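Below, chain A partners chain B and then partners chain C, in two separate complexes.
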Partner chain A sequence: MLNQIRHSADHDAILSVENLSIDIESKRGVLHVVRGVSFHVNAGDRIGVVGESGCGKSTLALAIMRLLAPGAAPVGGSIQFLGTDLLALSETEMRRLRGNEIGMVFQDPAASLNPMMTAGRQVGETIEAHKGVSRKISASAAVDMMRSVKIPEPAVRAGQYPHQFSGGMRQRIVIAMGTANTPKLIIADEPTTALDVTVQAQVIELLEKMNTDTGSSIVFISHNIALVSEFCSRVVVMYAGRIVEEGSTSDIFSRPYHPYTSALIKSVPPLDERLADGLVPIEGRPPNLASKQVGCAFAARCSSKIEKCTQSSPPLVAMGPRKVACWVTGAHS
Partner chain B sequence: MSSFILRRLLAVIPTFFVVSLTVFLLIHLVPGDPIDSLMRAGSSPALREQMAAKYGLDRSLFEQYIIWMGKVLTLDFGTSIIQGRPVAALIAQNLPSSLTLGGTAFLFSSLAGIAAGVLAAKYYGTRIDSSITSGILLGSTIPSFWLALLLILVFAVWLGWVPVSGARGWSSLVLPVIATGLGGVALVARVTKVSMIEIGRQDFVTLLRAKGVSESRIRLQHILRHALVPVISILGLRIGWILGGAITVEVVFARPGLGSLLIRALNQRDYPLVQGCLLMLSMAVILGTIIGDIAQAAMDPRQREASK
Partner chain C sequence: MSELLKQIGETTNNAGARLGDTILEARDLHVIFGTGVRAVDGINLKIYRGETLGVVGESGCGKSTLGRTLCMLEAPTGGSVALNGLPISDMKGSSLREARKSLQMVFQDPYSSLDPRQRAGEIIGEPLLLAGVDKKQRQSRVNELLDLVSIGASGYAKFPREFSGGQRQRIGIARSLAANPEIIICDEPVSALDVSVQAQIVNLLVSLQRKLNLTYVFISHDLAVVRQMANRVAVMYLGRIVELADADKIFAAPRHPYTAALLSAVPRMLTSSAKRKPISLPGDPPSPMHLPPGCRFQARCWLRQKLGSPDVCSAVDPMLSGTGDHQAACHFQEHVDAQRGAQNA
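For the complex of A and B:
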């Protein structure tokens, strides 16, 4: 009975991550890279995940794809995709979802492509892997896909190798590869970081179009909160493996609650004007992920901290439509 | 691409002269006189001089080289002092047998080596990998003549499955091919394994997984194709090594071929024949390297472009 209520309440959730923790075994010992992260993605959502380098964004994305590197593994929590627990699926079942129901776009288009295979074949491969179509059909579908990501002369370009494309064009190919089967969920991990500003805008436009045309939900990962604010309806702010604030983009931008979110907004240049003037870099460094965190992970860098901050870790609690994890600015105050 | 091939071939010319000079000098620096093995005991010094003049052995080294080179360029390697037949004819007669052995051993090295490497990489860190790896270690440390003797002892003498020696039929080829090619199998397997593992760690492989491409397809269509690039250049270098192995193996198995011809010629100080054989073998090594280079460039679209 309770299950049914829960189920109906979540019925538009495409992705539900619950209390997910991920450890990585490294030379410096076990790193607790993701620490009890929960968030939901509904149909058609564009949700941004932001945070400084090393806060665990890519690890989270790869965990959803079940593509974590050897040594990295979920140690708690669950990942539900359309009601199925991804962590419980067999490798074969998981493979059927990847590239088909869940597509991923990676950061570095130069490293993401096989240099020895034509662009068209690489796009067609995603279709072949899932649709059981002949090579001829997948080849023409690949050309269509390349046209839809606005690659000029797609029929000619399909026969060319990655090194014959510019960075922006390569990223379009990577997007075409990740989305060729119109997945319900697209995870884009810093899809524009390697590109220059004008090309960035084009790639964002493309993802926007995909979201409106096919209704695919998008999880957009970036360390650039300004970029996220342009593109996403909701934002999840991560710090040292935890979510510290979550809410609608407009709320968070107009009134950030968490001191880290405020600092992040001040530290990132606005998209168009590259004015370095108003920028305030965040002082200090994120904590060591190998240690068990006592108190708020941001305490060492926070100007609003109180005594309690170093004693116990603030939970993420709802404040109206948003969630904040802070003893001072959160719902506890 | 064709200009790349042309350039590589032109680069052979200086190499060829260096090699030919080395071959020529080497032969003249080893002690021993071919006339000795030709003359009967007690022949007169006059007859001796006459013979030396006939074969040009009375001229200066430099003159001998120029004369020899001039002829070599028209594919005239001179006449065998001992056997009295043209060197070119002797080589032509023995070449097919060596090519069969070398070619089969090369094929065996490539196919078995690549297969073993792919398996070891797939089962990296498991018992299958460690048994292949120790097999590789063993294979690469045993010299081919010793392996040849061992194989003869086990399969020809004890088990009687194949003939001990000779060159009749395919069964007589089995042991020589294994003896010649096993070292190559080991090398190719090792290079294949290492490069497959290394390429398997690259980012584009993660993206292939994210596309839902099956593991076997990722391994064979993507990773192996990359891994073959270094393997092919190694194989090109290996052609010479296999020819070297074939020489000793031919002798051990008493097979006709360039190797047997060369060893006999060496024992008899048959200068022209030794020179002809060595020159042939060196050219084969150089050609092998070039073929490896060209094949490698042809495989990689970036190099194909760059070498247009």
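For the complex of A and C:
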């Protein structure tokens, strides 16, 4: 099994997710939120994961960090990080990776920070915990880290508590914590969603700098499709727990193959013109995740569907440099 | 509503340029909170019948407080609000309640703005119940409203949890329409929704405006959504309107350096022909409790820096000025458009 996975992974993959499925126990039964997802992240990649609420993108991020909420658990597949199966690690081993080799930046900076601890101490603690340096050295490293995320007067600010910072500044502290140990992989789940656009631009600039300076790979999960199109080199499009299309950003945005990708891109309001005929919504809603999916999950909302689409589920198949799961526009057609 | 009225509504809204008389007016409006925060700090604004005025700005700029004050959910600490020429900010009791029927609000969060224990029909009909409309008439009006927002009469007996986020926002919109308002203040009505659903709600609001000759104040931090909705746009910064213009003009050639920076920060689709030239704003906005003398944007202003920090910016607080349909509160507004292109050159 392990050999098989190693074999199928890309040559220099940092992260290989193979056939991962995750179930969540809820009051209304078991929800199959991630359904057989496979993708690879190579060194230096910036991979965007897009899709609407409930498509499984955030669950995927939490699963990689092994931070799924109680009731949610992987029920199949593997997550390989530099050849180690993360799902097989003990909690202690996992803690050694988190914040060290795998950094994380979540949506809500307020919830990621301890309100009782100074900003400098929180950044310093991450360094101390993983590098085994003294408190004094970690404290000065924390100030350096805060300077690198462009917090003004870092030496003064290091002594302040989270509530003394603005939302944008807090997210910088979270980024400083998440990247203090120069991780090989950064999982960023909606890192700018709670921020204003001018602050968002600064945070993105910072992540860009991390990526080019240290070569950290980034998995960037966002519902903001325009932002992903600007920031990411590759894109994974998810719908109802599955990947429906994957490829380079320029391929996917200039010529989407999957009808869902294409509808999703079309629904984004443009800034540069007022559309005379109004916006183009996707009618209907995603399927119930509690049920077994017969056929393509998007079929009910798809204008290109054929009979086969409602009968069997299209696999994700390579089409040149990208992958598409569609009976009509995919490699099967 | 008569057919004639409907027709008038359609021509004015579609044309966009031909706007009606002043329906709502704010004069020297101030809202100062107990903490000393000047959330709304001297706003003069006319809203014309049948238009959509977009109000944009970042968190803390006072746009939501302005919206709440315009429909008297928040009492101004200074200045006045007039609806159809009548000063509603001086009204109390039953006359204020009566006037408020014309002024409704739609909120951001379709999850928390609906009572989870009430059925959709009751939620939508509540304004009618309060107005003393009898049960039979109420039911028929609610069914009409359910059709209008494309939920259909079958939604009448359902609870909010049985609806999706987009459908809940439709119910919020139906409730706001129950008392036949003239103006709807929409505060971030699509911000909590997925982009595919957001498009449905934007299109619904546009079609309702045409059908019912509504006037909208559309408050949003999302400039692309505002681009699709608004005839005119007001940009707010620290409690003030810093730019007010025809939508096409403000998006094509902003006259305030803050607007230019805001526009440059919005991510563009890779396929968009217009590539952005980012303008970065240093630092955070100053505290709304301790504003500097002169222009409130000066500390973060890229244009001021470019022009060699002229004294006037720190000495004189700029007021809105310019031509009738394009006003900005900047001493150097005629330089903004030319200089923003050269920002990263």
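Everything that follows uses one rule, which is that the second predicted complex is superposed on the first by the 311 of 333 C-alpha atoms of A that agree within 3 Å, B and C clash if a C-alpha of one lies under 4 Å from a C-alpha of the other, contacts with A are read in each partner's own complex, and residues count from 1 in each chain.
Keep this in mind: a contact is a pair of C-beta atoms (placed from the backbone, for glycine too) under 8 Å apart; a residue touches a chain by one contact, two chains touch by 3 or more.
The structure displayed is predicted, hence computed values, not measured ones.
Identify the partner contact of A:Met65: answer first if only chain B is touched, second if only chain C is, both if each is, neither if none is.
A:Met65 contacts chain B only, not chain C.
According to the contact criterion defined above, which of chain B and chain C contacts more residues of chain A?
C
Looking at the overlay, what does A:Tyr161 touch: chain B (first), chain C (second), both, or neither?
In the superposed model, A:Tyr161 contacts chain B only, not chain C.
In the overlaid three-chain picture, which partner chain does A:Ala201 touch, first (chain B) or second (chain C), both, or neither?
A:Ala201 contacts chain C only, not chain B.
Looking at the overlay, does A:Gly99 come into contact with chain B only (first), chain C only (second), both, or neither?
Once the two structures are laid over each other on A, A:Gly99 reaches chain B alone.
Pick one for A:Ala226: touches chain B only (first), chain C only (second), both, or neither.
In the superposition, A:Ala226 touches chain C alone.
Considering only the defined contacts, which chain A positions touch chain B in the complex?
Contact set of chain A toward chain B: 62, 65, 67, 95-100, 103-104, 106, 108, 111-117, 125-126, 129-130, 161, 163-164, 174, 177-178.
Hey, which residues of chain A end up touching chain C in the complex?
Those residues of chain A that touch chain C are 52-53, 152, 166-169, 196-202, 205, 223-227, 229-231, 249-250, 253-254, 263-265, 267-275, 278-283, 285.
So in the complex, which bits of chain B are touching chain A?
Counting only chain B, the residues touching chain A are 202-204, 206-214, 217, 222, 225-226, 299-302, 305.
Give every residue of chain C touching chain A within the complex, in rising order.
These residues of chain C touch chain A: 58-59, 164-166, 194-200, 202-203, 206, 221-225, 227-228, 247-248, 251, 261-274, 278, 280-281, 283-284.
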